[in-house]
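A short write-up of the structure that comes next.
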Amino acid sequence: MGEPLLEVRGLTKSFGGLIATDRMDLDVTEGETHAVIGPNGAGKTTLLSQLSGDLRPDAGLIRFVGEDITHLGAPARSMRGLARSFQITSIFKDFTALDNVALAVQAHAGSSFRFWRPARRERALREPALEVLRTVGLAERSELMAANLAHGEQRQLEIAMALATRPRMLLLDEPVAGMGLDESQRMIRFLQSLKGRQTILLVEHDMDAVFALADRISVMVYGRIIASGRPEEVRVNPEVRQAYLGEDTLL
Amino acid sequence: MRTTIRASLIFLHTALMAVSPAAAAETVKIGFITSLSGPAGIIGKHMKDSVELALDHLGRKVGGLDVEIIYGDDQRKPDVGKQLADEMLKKHRVHFVSGIIWSNVMLAVAPTVTQAGTFMIGTNAGPHELAGKMCNELFFTTSWQNDQTPEAMGKYMQDQGIRDVYAMAPNYAAGKDMISGFKRYFKGRVVDEVYTKLGQQDYQAEISQIRAAHPKAVFVFYPGDMGIQFVKQYVQAGLREQIPLYSVYTIDEVTLPALKEVAVGIFETRYWSPDLKNEANQKYIGDFRKKFGYTPSFYGTQSYDGILLIDSAVRAVKGDLSNRKGMIAAMRKADYKSTRGTYTYNVNHFPIQNFYLLKTVKGAGGEVEMQIQKTVFENHKDAYYQDCGMKW
Amino acid sequence: MARSPRALTLAAGVLMLALVPVAAELLDQPFYVDLFRRIMIFAIAALSLDLILGYGGMVSFGHAAYLGIGAYAVGVLTHHGIANGYLQWSLAILGSALVALAIGAVSIRTSGVYFIMITLAFTQMLYYLGISIEEYGGDDGMRLAVRSQFPGLLDLRNATAFYYLVLGILLLFLLLGQRLVDARFGMVIRAARSNEPRARAIGFSPYRYKLTAFVISGAMCGLAGALLVNQTEYLTPEFMHWTRSGEIMFMVILGGIGTLMGPVLGAAVFLLLEDVLSAWTVHWQIILGPFLVLVVLFAKKGLIGLVPDEAAPGG
Amino acid sequence: MILLVLEQTLNGLQYGVMLLLMAAGLTLVFGIMNLVNLAHGSLYMVGAYLATGFYQWTGSFLASVALALAATLVVGIVVEVVALRTLYERDHLDQVLATFGLILFFNELIAIVWGRAALYSSLPGWLSGHMQVLPGVRYPVYRALVILVGLVVAALLYLMVTRTRLGMLIRAGASNRTMVAALGVNIRLLYTVVFGVGAALAGLAGLIAGPIYAVQPGMGEQILIQVFVVIVIGGIGSIRGAVVGAVIVGMVDTLGRAFLKPVLSIVLSPSAADTAGPALASMLIYMLMAAVLAVRPQGLFPVR
Amino acid sequence: MLTVDALETAYGDSQVLFGVSLAVRPGEVATLLGRNGMGKTTTVRSIMGILRPRAGEIRFEGRPIHGLPSYLVAQAGLGLVPEGRQVFPNLTVRENLVATASNRLGNPDPWTVDKVFALFPLLAARHRALAGSLSGGEQQMLAIGRALMTNPRLLILDEATEGLAPLVRVEIWHCIERLKASGQSILLVDKNVRALTRVADRHYILEKGRIVWTGTSAELAASEDIQHRYLGV
């Protein structure tokens, strides 16, 4: 293994008296699917938002492809190949599904300071967008308003938008949250299909999804990574079981 | 079917009648612009009531023709006045525009009206531009040129040997005219000239400055609402006993009901006073009090005079409203019963008239009123008529 | 697309506007040329506001500033004896674009109520600046000695020629606006309005686009200001009074936010209502006020919402 | 010169106190109900008219103050219940427009009832005099009283917000109204009470302003924008911010008008100072607001 | 004392609850279990009147409370400790407790600030601190104390141990046990099966907006399959 694609050192973020990220270190290697698990409120989404540039850390360093990106904003990180999905579905609700993805394509296809030609007639934007929709299985729903898609479909669209930016690394925030069993199975199968081709940092609660997808797992509690390793290692780690899965031993 | 056609024809006929200019000629249309809203609204009321009284006296006819008055509220804003004038000219097709309290409004309105070939009969504002370079044969005023009244006060104060005067006025066309008029005859030291925002209501900060400057006297021009506020606050601050106050267009029948005793002893100069003894004035004041229940002001007399002046012009051309030359010639004679007595017009269509010194006193009945003390100027001409190119 | 009810409404509206001078001539009511020219000028201002308000989600409560800048550009040059319209109007557009750039650069960093308030604050500054410059009439403002002159092209003193020029500009801006909002640029500002964090996450820096839209909008409104001062032939800081911003905003909402025809319709209905109501009673605002409240509460999509439309994607 | 500065400081304080009375209600409504209420100035106007009206009717200044305060409280509650309740859930744009509509309505209503011309309310004799503040400095009794009343009201408000249950609920509501309701507090009633109190304070400002300014339709809008500047500078929703903001704005505005011109004339030529002085003075508070927002986008005392 | 019958709730167009039915008896500790996004919090919010249910019936001590505004639901005797704690950050600890305190139903031995401090000594030490400056565990204790100060007949805790350090969680569980011992009825919403089987009497498992399993602690503890299928343990 060479240089990690993403390197986090001493990352710290607190809200008032609440320490959400506590001197955290994390490495993600090119090509792997790395899951961060932990109970709700452990600071997973806060971590992801700092990685994507939506939140400014109080201290620490984030390095991506060898470059220090700690002080870059979200758009700049997207341009460098970091794409995120949101835990609470975040799409352009009053645009069609295709528009949503085409916008993501547009952001990475030359200047958007173009004032005359209708963007909806630009094949260079529409065709790649449609292609991505096809990959996630939303091609038939492309002309529907995003707001009118089912919840699971909106989650798929969320991933499609991230993929359309052709990222080097995907940051996925609970991609199967709120999905029924069938929907989450489908999503998991789709994400499995990306494995190997796409580096993924996955924050997830659903253990089925995590163990189905992850090459490596880091366990986060109280803003800190308490253990990191291959799934089977983590599964048997007593510290993890105690901290994450229950406190029976203490009761 | 037939009735429908007939009805349509009648409708069409009426519609054509309504818009054809020939039909309009049977009525004199006068647009009267004044300030009806806000703090200055009280002045507008004086003027509007006087216009109505004038029409009563004329039997609701002007020059023998039916009359239609369109009132407009300029809100003391020149742009609003201009817009009103445009509307009166283009939408209502008025023959005369009259009224206007404020010189800044007048400067916006008068050229608009005269350029459209319509008469502008000013009944208060007299900015120096209109007396001089911008004078126009279609512009007449029944009031005065702004500088004249403060000239009288300047002369009086000069004669009294008063020195070190602090001068204040609102920051607009008339305010500057007033101070320059004052300085034309007052030769002592002007400690400071302060211009405040037109319509300002709180003068406490300025009053503090006056106190710090400790002049020998204060000269102000604060018409209408501004006068009420300024004088009250001047008294409240305890300056009245420290520094005497002289004013023009500040203490009058508009402000006295609000000021009452506070104003007693203050001097003003003016061309008119309720106690001016002539038949027209006594009739006007008597009927006005009877109809409206309060004492009229010079704003009212001027507006009343304005309607009478228009009446004299229309009468002279026997109702031929297209005869502009005839009407101009008639108005130049000032041939009507003015409340100030007889007067003549200067070449610039501004009156040549007397100016008096007035004092606020407690009258016999205990009410506070203004009384003429003496005549400061007789047949006083304004300082700008030589700049006016009109010859007649 | 071409046959949608809205397209027909647009065509009918344009036809009607084009016929106003003819009708006014026939009825011998030249006043209506003035009235409808005024309506179209405010329609341009409202349209410019809607570009950032409806499409960009920026609640600018200081749009009257650009009306003022445009008007002052014309008025000041005329005051110094330069009546050349090309120069005046270029300055109006350029000047308001620059001011919009300055105001936008600061205010777009804030959001919500603070954006409303800071745009208002800047406009108040300009308003008081206008009031204090004695040279250009201060409080009183000043008459425009002559209308802008376009030697060899047309004469604005001719009410009809001026009318058709304004109509032409309005139509041009409608077309430009349509292209703008559908082009890549428009997609970005609409996306940023719809969901700014998402727009950032896919790689757009909304700030630059919003600022550009803000500047374009300011420039358009500046031209409206240049037209307005020619219309009234009077320059006054009142053009920049905050209630004017409120009125323009109301026109947008009344007509239909986030559409191009909406602001035009809104301006027409607002000013006609004002004309009709004020002729009927001096207390017309007691009707207009509650009407405004009702529109806000119950006609969320504005009047244009009453005209059916094919589900136009990407509001 | 020192006496002049002192006197102008008093003037600034007096103006600041008026702003504070307006700002207190507005900032609470803004902060806890998230409502941009442009019509707050109308309540100020209503207070001024009612006080003037009651004074003419009763002939007693103190009685008119009491009656006008009670009446504006009622008017405020009626306005809240009838018109504003539905606006809490709307976005700021809707609120701005709807309350702009209310302004037109109120101004016109007042114009119909009292006419468009301004009313002048006079003061009873015991208030219309002046007092010796320092040797050589006389200050109007009424304005001194205004300052005193304002400071007392500010202190009471501060105690109310920091010490009482109502104050705690107001602050709690500003940060999380759902939770306040879920813990058994009738938040609607709380809103109505707060709005009523805010209205009464605006009414108090209005009736105080009556004898200083002209009582006329539209008088509320002349002060409203300044009040917005106050609460934006202070931090929306913060009473402390409103107090500090009001004093700052009152001082900056008054002292700017009084001293900017002379100060500038030291640096610039007199004619340039004549032009720039008043221009800068009237822009000063807006520049201040822009500067504060540039450095602290949530105002000086952010609520959260 | 609380019965929920065929509750349906939607956010706009998307329905989240499809007929949830459950009941809590006086003095008992019941739980609502389920993975994230299954509708647990939506159920709580619907009960509390924060969300308006589309259909179904909610009764508390025999009185229908569905459709009531949330303050009336609370006044009827329900005390909420919400998901994410939601203390008032700009109020001090003491103020948080006092601001909404009440005893409308006439608890003969009402909660006081001192009693809450006795239950959570950590809070007593910080009573003048702003709630926003507390640690997560302290905030959770404060949120529980705040709800207790309304003297509720039924206490609802939504994800009360989420994201807390193990030691703190243990303290919270001990506190709940003590409350139970004092006769307090409690509805717990959580994912923490092991701890819950000790504290609680009965369990409801929520899956995609429906109750899919009900049983006692013993039954739940015995059924590895149910635990795995619905709770991912």
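The letters A, B, C, D and E name the chains in turn, as written, and every chain counts its residues from 1.
The criterion applied here is as follows: a contact is a pair of C-beta atoms (placed from the backbone, for glycine too) under 8 Å apart; a residue touches a chain by one contact, two chains touch by 3 or more.
Not measured: the values here are computed from a predicted model.
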item: Partner chains that chain D and chain E have in common; value: none
item: Between chain A and chain D, the fewest steps along chains that touch one another; value: 2
item: Comparison of C-D and A-E (more C-beta pairs in contact); value: C-D
item: Centroid comparison with chain D (C-alpha atoms), farthest chain; value: A
item: Chain whose Cα centroid lies at the greatest distance from that of chain C; value: E
item: Averaged-CA centre spacing for the pair chain E and chain C, given as whole angstrom; value: 54
item: Where chain B and chain C are represented by their mean Cα positions, the distance between them in whole Å; value: 38
item: Distance from the mean Cα position of chain E to that of chain B, given in whole angstrom; value: 77
item: Cα-centroid distance, chain A relative to chain C, in whole angstrom; value: 43
item: Of all residues in chain C, the ones touching two or more other chains; value: 131
item: Set of chain B residues in contact with two or more other chains; value: 73
item: Chain-to-chain touches, reported pairwise for every pair that qualifies; value: A-C, A-E, B-C, B-D, C-D, D-E
item: Contact footprint of chain D on chain E as seen in their complex; value: 48-50, 69-71, 73-75, 79-80, 82, 86, 88-91, 95-96, 98-100, 102, 104, 146-147, 150
item: Touching residues on chain A, where the partner in the complex is chain C; value: 52-54, 73-76, 78-79, 83-84, 86, 90-96, 99, 103-104, 106-108, 111-120, 122, 143, 145, 161-162, 164-165
item: Chain B to chain C touching residues, read off their complex; value: 19-21, 73, 77-80, 82-83, 86-87, 90-91, 104, 107-108, 111-112, 171-173, 197-198
item: Touch list for chain D against partner chain B, complex; value: 1, 3-4, 7-8, 11, 14-15, 111, 115-118, 120, 122-123, 128-130, 138-143, 212-214, 216-218, 254, 257-258
item: Residues on chain B engaged by chain D in the complex (per definition of touch); value: 36-42, 44-45, 73, 201-202, 204-205, 208-209, 211-212, 225, 228-229, 232-233, 235-239, 258
